[in-house]
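Following this line, the structures themselves.
Both complexes shown next keep chain A, but they swap its partner, so chain B is in the first and chain C is in the second.
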Partner chain A sequence: MFQLMGADMHQIRRVFSYLGLTLEVTKLSILSAMEYRVSFLTQVVGMIINDLGLVLVWLIFFQKFTSVNGWGFPEMALLFAISTVNHSLLMIFARGAHHLGRFIARGELDYFLSYPKNVLWHACVSKTDISSIGDLIFGLGIFFLFGQPTFEKFIAFLGISIVTALIIFNFNVITQSLTFYFGNFEEAAEQMHHALLGLALYPQTSFYGGLKIVTLTVLPAFFIAAVPVQILQGFNLSLWLTLLVFWLTTSLLAVFVFQKGLRRYESGSLINVHL
Partner chain B sequence: MNKPIIEVKNLRKTFKIKQKNPGFFGGFSSVFKPDYKVVDAVDNISFSVDEGELLAFIGPNGAGKSTTIKILTGILYPTSGFINVLGFNPSKERQKLAYYIGSVFGQKPQLWYHLPPMDTYNLFSRIYEMESKKFRERLKFLTDTFEIEDLLKTPVRKLSLGQRMRCEIVAALLHRPKIIFLDEPTIGLDVIAKKRIRETIKYLNEEERVTIFLTSHDAGDIETLAKRTIVINQGMLIFDDSTEELKKNFIKTKIIELVLEGPTDDFRFPGGKIIEKSKYDLKIELDISRMTIEKLLNYAVENFDIKDINIFDPPMEEIISAIYQKQAN
Partner chain C sequence: MKRSFLKETLKYLEVAKVNYLNTSVYTVNLISRSVLVVVRIWAFTQLYQVAFAASRSTEIGGLTVPMVIWILMMTQSFQSSTRPHVSQLIDEEVKSGTLAYMVNRPYSYALFHYFGYLGRTFSSLWVNLAIGSLVSLALVGLIDFNWWGLLFGLGLLIFGVTLNFLIYLIIGLTAFWVEDTSAFTWIYSKGQLVFGGLILPLALFPENLLRIAEILPFSQLFYSAARVVVDFDLSLFWHYALIQIAWLAFFGLIAYQMFQRGIKNVSINGG
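This part shows the complex of A and B:
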């Protein structure tokens, strides 16, 4: 019993140690980007303007048409808030997941494999997308402006954003890790990432038939867009459970695909610099 | 007697490399009917390294050096063979092993390019789970030893190559590794920086008793530092003996380049072979077992106005071919 508790405590300490290190690496990435202040600020502000443009289009659209299959501007605003926050969390803390294919194809995993840490974790946290800070600010702003925020709803919003960020993370790890098996899958994985985000930014009630099946499986927009909006509109335990089960399943699949692929890793001789 | 710290027996690593005919149709047909060639990057090699040794592991490009090092550090999985590094199986216990080894790859820096070295050192102290007090003591010791105190707060991109390499070595030593893999540590450095890095390596081995596994294309690195040399070519181990033996048998020549003020037409030195000649430049190959560099330089200084002198070691390929020739005979 005490042994089991000891093992549990060890695991918990390990998780906290990795979380602390994630923050440390992200801090260094941001500091590194801040060495060039003008570029840093341009990226952040530029992203906010870009996001504003997208929301404005829908605002104008819903002034002309009241709804799309039951979805109006409040649903779209929530969708934008969740989508920008979850995507920004992924890109701020684990942009490396989006670059795994490149790391694998160019033999750049060598760097991460030479340290005493989990290689998947290390590769994923090694990069930060600075413009995503703009996404995060924008997403939170939209939630507070149009999401009818309460304390409980804000906590749920954060929880959902984290879980859906982890689902997108898993999606990226799975698709990018296919590079281990197919040699060059970086571009294809990149396209799949954009397709997923594209599908997640439309009214989720618009998808039927084959497209619905796609959003439930290969490009799981249903789980990162439709389910979260429904949960935020009214607490629903079964939807929460659906989301958590999907996250767990994709997590197991991501670890399996990556670890199995790692045995096929062939390294490389390219010269690279840690920026 | 020292005990082996690295043991390798019958190590093999094969890669499957896709073959493609040139041109559009060649590429198109390889999509539907891919053709693969199996290449032995490491072909049945065995060796061991004792604790505290400074070993040179050399060979031409594509010989299998980097592949072997990557297998020893757990970066790559071997196809077959037995490997033991510090009691660990690198392919199964990579993370545990990484706490005890350090690596400096001259062409693959560890330091964050836009940040000062201190930021990377702080991060490494957390990655290697070092106690704060021990980290500070170790850093103080290393910064004093390698004289990098003034560089700690300068962004890495602003450092010279030699300064950066010293900072890279400090990064690899922070966690007190028992083995260090140095891959081309002097690549691209000038003579003074090279000398300094060599002194650093010597210090690590002699004072800190760190086992050093050195790969380099610079025969000077090997002559100055390593007591033992392993030569690998086409994945096979072709020489494993003392560096003295290698020098005596295979590094017999030096290349001396002279740039003269006047024309080279009258340059006739009986003890050396002119291998390249232009109007003002000469490259002379000297067999140092028969003739000294001093005599050549004396002849040059006495008879010509010298603008510049460079002395080179023979290229690695020549040493390898000499080893092959001896084996064939």
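This part shows the complex of A and C:
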């Protein structure tokens, strides 16, 4: 019993140690990017303008069509808030997940394998997307403008954004890790990522039939778009549980696909200098 | 004179051919791009069927649901074929100093990139269009195409693809003065998304916004060609063609000026 508790405590401490390290690595990346002030500001402001463009399309759309099966501009605004925040969290803290395929195909995992820390974790946190800070600012702004925010709703919003960011992370790890099995799969994985994000940014109530099945399985837009908006519109325990179960399932699958693939990995015999 | 022109043309056509073949080799990449177009068309079909049904109309702005889907299939296919962005390649060449070597080679730097871009674009374009057409056919059926529409649409597409190249060339050339050009690329691609008819055809815009959107360069990249193919109208063709020519001249001049000024920096710094 005490041994089991000891093992649990050890696992929890390990998780916290990795979380602390993730924050430290990301902080260093952001501080180093901030040294180039003009470039930093251009990227952040550029991303905010970029996001505004997307909102503008749907603003025009809902001027012509007032509702799509009960889904109007307020729902779209909530969707944009969640989508930009979860995507930004992923790209700020674990952009490397998006590059796993490239690391695998070019034999660049060698670098991460030579360190004592977990390879998947190390590869994922090795890159930070600075422009995503613009996404984060935009998403929070949209939430406070259109989300009718209360304290409880804001906490729920943050919770949902983190869980959905982890689901997208798992999706990226699974698709990018297919490079272990199929070789040149980076571009295909990239396109799948775009397809998922694309589907997640349409009014979710318009999907039915085969496409609905796609959004529930291969490209799980339902879990990162439809469910979060429903939860924010009114607390729903069963939807929360659905989201958490889906996250857990995809996490197990992602670790399995990556670990099994890693055994097939062949070194690129590359000598890289990482500064 | 005539012979040297022919030789020059053949040289650039060879550049286009090499790029065409180089892109075609990666079939997984080509197919994955088409899959993305397929998913989008599928989503658009369901979205517009529901939206048109909700507004209890079969035709809005002169377009029916099948026409909307065919337009979006074409704009998405055209746009998706132009990747990777030329600005990205030029940006890298300016920063790495490769440009200093390239400008000394026996070809025009801009034409070299232009024909390379055409080769890459057309290798993905026909795959995207073939798969996209099959999917559109299966989802919404065939619409009433007109051979003149296809022919004149092709003309507008060539102008539009060239206009797209010039704008990316300008964005890439800003790397002479700006550290990171990616922000300009995002803003430009969002301009395409809003006013380029990639999600919402311009014909569905409110009247006053439509007038503004039509004279912007974004709508003249891919939307004008798709619109003329789907519903041919000679006066609309001339309207779009004149706007395209004006933008081509404008951006061509800017690109030329920027290149001339930027290249001076290369000579001074030695790349």
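As a working rule, the second predicted complex is superposed on the first by the 269 of 275 C-alpha atoms of A that agree within 3 Å, B and C clash if a C-alpha of one lies under 4 Å from a C-alpha of the other, contacts with A are read in each partner's own complex, and residues count from 1 in each chain.
In the analysis below, a residue touches a chain if its C-beta (ideal position, glycine included) is under 8 Å from a C-beta of that chain, and two chains touch if they have at least 3 such contacts.
Computed from a predicted model, the values in this text were never measured in an experiment.
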item	value
Combined model on chain A where chain B meets chain C, clash or fit	fit
Touched partner set for A:Tyr265, first chain B, second chain C, both or neither	first
Partner chain(s) touched by A:Leu28 [first = chain B, second = chain C, both, neither]	first
Partner chain in contact with A:Ser114 - chain B first, chain C second, else both or neither	first
Partner chain in contact with A:Leu54 - chain B first, chain C second, else both or neither	second
Chain B versus chain C as contact partner of A:Gly46, first or second or both or neither	second
Contacts of A:Phe256 with chain B and chain C, given as first, second, both or neither	neither
Apex chain A: angle to the C-alpha centres of chain B and chain C, given in degrees as a multiple of 10	90
Touch count on chain A, higher of chain B and chain C	C
Partner chain in contact with A:Leu199 - chain B first, chain C second, else both or neither	second
Touching partner for A:Lys64 - first (chain B), second (chain C), both, neither	second
Smallest separation in angstrom, by C-alpha atoms, between chain B and chain C in the superposition	7
Contacts on chain A seen with chain B and repeated with chain C across the two complexes	36
List of chain A residues in touch with chain C within their complex	36, 38-39, 42-43, 45-47, 49-50, 52-54, 56-57, 60-61, 63-69, 131, 182, 184-185, 187-188, 190-192, 194-195, 198-199, 202-203, 205-211, 214, 219
Chain A partner contacts - residues on chain C that touch it in the complex	26, 28-29, 31-33, 35-36, 39-40, 42-43, 46-47, 50-52, 54-55, 60, 178-180, 182-184, 186-187, 189-191, 193-194, 199-200, 204-206, 209
In the complex, chain A residues that touch chain B	17, 20-21, 24-25, 28, 31-33, 35-36, 109-111, 113-118, 183, 263, 265-267, 269, 271-275
Interface residues, chain B side, partner chain A - complex	15, 18, 66-67, 70, 73-77, 94-99, 103, 107-115, 119-120, 123, 126-129, 155
